[in-house]
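One structure follows; several queries about it will come next.
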Amino acid sequence: MTDKMCITVATGSVDRLTGMAVLVSAAAAMDVEVEIFLQLWGVYAFKKDVINKNMNLIEFKELGPQVVEGMKRANIPPWFEMLKQAKEVGKVKIYACSAASKIWDVKLEDLEMVDEVMGAGEWLDKMKEAKINLFI
Amino acid sequence: MTDKMCITVATGSVDRLTGMAVLVSAAAAMDVEVEIFLQLWGVYAFKKDVINKNMNLIEFKELGPQVVEGMKRANIPPWFEMLKQAKEVGKVKIYACSAASKIWDVKLEDLEMVDEVMGAGEWLDKMKEAKINLFI
Amino acid sequence: MTDKMCITVATGSVDRLTGMAVLVSAAAAMDVEVEIFLQLWGVYAFKKDVINKNMNLIEFKELGPQVVEGMKRANIPPWFEMLKQAKEVGKVKIYACSAASKIWDVKLEDLEMVDEVMGAGEWLDKMKEAKINLFI
């Protein structure tokens, strides 16, 4: 049995998603199982027509150019690239909330990297089993 | 003994509160005990003169109309209606941080659905007992 | 062995940092160990040239003056003062994410109250040991 980290993702902003991706990358490298549940803006940010165009910051929008420059200098890939790599090397599953999927009128095939559409009840069962729970 | 989920609510934005309400509804239906601690904007959002007028989004404000339309289509009630129902069917307690209540100059009777005003120390004791802790 | 609370800080906004500081103060007073990991905006907010000038709110920016007034009335010190006091009376350690430190091009001596620069892998090990995990 491995440790497990469950992350509920309410945000769709790239600053917070980058923070999440850094934790998920570390977890994948350390063989910590990760499960991710996308809520409202989370589902939006994983839409195939949004994922690599979205530049939204949740705070300090005026510092966006400085962050972009700093990420280049520090050699940090975009959050979705980090997540893709984490899915390849580790145990990372991504679920979209069924209610949020209805709000955006999307199906599994409209979403990038998502493994399953899932209800909140099923997600809660997963959260109960996790060593680490985060809400992002 | 039942499992318990403790949620510290710093936000007052309806997008994040909706995400919380979906989890709380699921928990209430599954007999998972929920305790909620309102901090700054959380207390603000539960004020009787604010709760059903507040339309603030924490991110992607420009997509507000699309979310409102999607929630109607998906038949998702406002977050405070979900919470009210969860309180009726399940074990859901809501506390307002005493410091935040002083900031807004409110008493228990000025707040909707709140069971008690509580200090952070007492809240920490509750967090220590919880299976799931979230900060929203 | 004491209980431990691990807080991952993605935000740099004073409203959320104040909520965190209230919890950390309570924990320090109750002998609960606290470890804090600063990500992107977290590192920014702890920069010596930013920490006491930063007035950014993550939501309801238009209510800023009312919050400032309410905090004075309620006698609540700024978040970084609360954190300083918590570090004096309790077991509170603050780490800056090494990747985020590269983005801002800062070293330990450029940051206020930070004890160490640390990678996400090391942080994950700490999160796994914590009774309470929060992402702020």
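Order as written gives the chain letters A, B and C; numbering starts at 1 within each chain.
Here, contacts are C-beta pairs under 8 Å (C-beta built on N, C-alpha and C of every residue); 3 or more make two chains touch, one makes a residue touch a chain.
Not measured: the values here are computed from a predicted model.
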Checklist entry - Same or different for chain B and chain C, when you check if over half of the residue numbers at their contact belong to both copies? => result different
Checklist entry - Through what angle, between 0 and 180°, must chain A be rotated so its C-alpha atoms fit those of chain C, rounded to a multiple of 5? => result 120
Item to check | CA centroid of chain B to CA centroid of chain C, Å | outcome: 23
Checklist outcome for this item: In chain A, the residues touching two or more other chains are 58, 133-135
Item to check | Residues of chain C touching chain A in the complex | outcome: 8, 10-13, 39-41, 44, 56, 58, 97, 99, 102-105, 119-121, 123-125, 127-128, 130, 133-135
Next on the checklist: Show me the residue ranges of chain B that touch chain A in the complex, using the header's touch definition.
Outcome noted: 3, 5, 7, 15-16, 18-19, 22-23, 25-27, 29-30, 32, 58-60, 63, 67, 70-71, 73-74, 76, 131-136
